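One structure below.
Lettered A, B, C, D, E and F in written order, each chain numbered from 1.
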Amino acid sequence: MNEKLLSKGNLQLKRFFNLDSQVYVAGSLPSKTKELMGLVASAVLRCDDCITYHLLQCAEEGVTDEEFFETFNVILIVGGSITIPHLRRAAATLEEIRTQEKGTKKKGKTAKKDKR
Amino acid sequence: MNEKLLSKGNLQLKRFFNLDSQVYVAGSLPSKTKELMGLVASAVLRCDDCITYHLLQCAEEGVTDEEFFETFNVILIVGGSITIPHLRRAAATLEEIRTQEKGTKKKGKTAKKDKR
Amino acid sequence: MNEKLLSKGNLQLKRFFNLDSQVYVAGSLPSKTKELMGLVASAVLRCDDCITYHLLQCAEEGVTDEEFFETFNVILIVGGSITIPHLRRAAATLEEIRTQEKGTKKKGKTAKKDKR
Amino acid sequence: MNEKLLSKGNLQLKRFFNLDSQVYVAGSLPSKTKELMGLVASAVLRCDDCITYHLLQCAEEGVTDEEFFETFNVILIVGGSITIPHLRRAAATLEEIRTQEKGTKKKGKTAKKDKR
Amino acid sequence: MNEKLLSKGNLQLKRFFNLDSQVYVAGSLPSKTKELMGLVASAVLRCDDCITYHLLQCAEEGVTDEEFFETFNVILIVGGSITIPHLRRAAATLEEIRTQEKGTKKKGKTAKKDKR
Amino acid sequence: MNEKLLSKGNLQLKRFFNLDSQVYVAGSLPSKTKELMGLVASAVLRCDDCITYHLLQCAEEGVTDEEFFETFNVILIVGGSITIPHLRRAAATLEEIRTQEKGTKKKGKTAKKDKR
């Protein structure tokens, strides 16, 4: 998605994108915590695209539905009712992610069967 | 610090404050993660008082300096250079917290000796 | 619209939504004033969905076009030209609301006639 | 307080300041409602100086403590816990305003007595 | 695009729009610099419509691709990764503007030929 | 001022600070324009420390009072009246900068005389 921006972008833009991906890599804190932080920051600053991105990353890190909704609570309390439309869309996106995950798992199982 | 606000405040204000403290209580996610989320949200929304509050809560949850600085990195990348003055003050507050912690530990040791 | 969010959401989410609706109920200040406040807050924080919601609530409270445009002025002055695209959409939404109101009134009249 | 800014400022700056004061003048909506809107906008955008200014204007328009705290509720719900430090300071400023009002009234009474 | 807003809008709204256009007119600073400022402000405040508007104005003032991308860098550093989706859309809009410019130039050439 | 932050900060923090200073270096656009952009971004995002920093940098790049006040106009129109307290402080800071500049020039002249 960032191809167009990066293909034309100068060296500094590329360096920023580099830093941007390094920052979520596991260090003293696990990636899961860092991606959850990215989700919280994106939501209180109210950027839907950023929220979707971090929802996907968090799901890959194994964040459960309960954990997501506890995170939504922190977002709602700190950011106020102005975040509700974003949380509404986040809940819908999360549902899509879970549906896709099930599809992939099924496919995975079938694929395994096929291999036999 | 919220006494004045709460003493005069109506029932709804009190209920909000109630929700506000419940939200950081350990659930599926540990308190430490939730307090770190509170710190990130406060910092990208750039509220010094909120940052100080969550730094204190995080320190109590045992967040280490390395973990704090990795969190500062996420804040800086998501929120941009506009967060730098807040991170500068956060780093100074953190140093004060650590100094006070050492003082308390020493006192604690002395207190223990005294007890014997 | 919040069904999905609330069906999965935990108790704290529900409590926040409860507080959120209580806050606009008439007290010392009439609902009309509170809904206008909700509109102003939504617009300077620039959330289109929230603006639409409060436009509808305000219209139900009998806010006139002159009152709406005086409110838009406060929004524009406090929030600056960055609010213009939102006010543009708000003016379009308001027009739709008025058209629908006329339709409902006509239907109402016909319905009354039918009853006779 | 704006003297320095206006003395050096160009014509456009002065015109903006003109518009800024016109916007709160009674029209279809009373000044009280407009000043309350100004307070809400200032608080959700989190500007202490602007909050203080509108608290003073609102007090002059006869806003009661109950009305102020209902307004604080709207601010808290829409803007979230990030507004708490500002509301805390607003509650303290309000108390100062009330103390000063009492002083002025007493003086007024004495002054009236003196006149007799 | 502002017709609906202005046709119904009161005198103060019109005056604000007047000021809004005056502010980018060349003075001590050239229009190009002022439009670039408008672009930066729109982007760090994250308003796509405003970004598109100023991209068009800047292109008309002769801003080159290199200059645009250096501006995107300032935006990215000050505003952080939360501005990335807006910069992505800005880069796409810029490409469209350039394509249209080429079309217009070709047409211009053909038109000139036709005139002969 | 960033010493404490950088001394404890990790590599990524340092890299961000590096990028932050590179971004204002003259490229296709002159430093003066870029520092003015930094000022505009800081002011519409309402960070006094950042505003002061860019006022100093701009003054060093030779920005005149007329240019500063035209910039303040863009800030005021895009960002609205919520930026007024920041512009008020900016105007005061600018005055201090000019006073200090005069002092330095005088000293410079005296110093030159002394050298002879």
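Keep in mind that, in the parts below, contacts are C-beta pairs under 8 Å (C-beta built on N, C-alpha and C of every residue); 3 or more make two chains touch, one makes a residue touch a chain.
Everything numeric in this text was worked out from a predicted model, so none of it was measured.
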item	value
Other chains in touch with both chain B and chain C	A, D, E, F
Chain F reached from chain A - shortest hop count over touching chains	1
More contacts between chains, E-F or D-E	E-F
Inter-centroid spacing, chain D versus chain B (mean Cα positions, whole Å)	31
Separation of mean Cα positions, chain E and chain B [Å, integer]	42
Overlap residues in chain B, where contacts from two or more other chains coincide	12, 16, 19-20, 23, 41-42, 44-45, 50, 66, 70, 73, 76-79, 81-82
Category of the chain touch graph - line, ring, star, complete, other	complete
Complex interface listing, chain D residues touching chain A	44, 76-83
Sites on chain C touched by chain E in the complex	46, 65-66, 69-70, 72-73, 76-77, 81-82, 84-85, 87-88, 91-92, 95
In the complex, chain B residues that touch chain D	1-2, 4-5, 8-10, 12-13, 16, 20, 41-42, 45, 47, 49-50
Residue numbers on chain D that touch chain E, as the complex places them	12, 15-16, 19, 22-23
Touching residues on chain D, where the partner in the complex is chain C	19-20, 23-24, 27-29, 33-34, 36-38, 40-42, 44-45, 50, 64, 66-67, 70-71, 73-75, 77-79
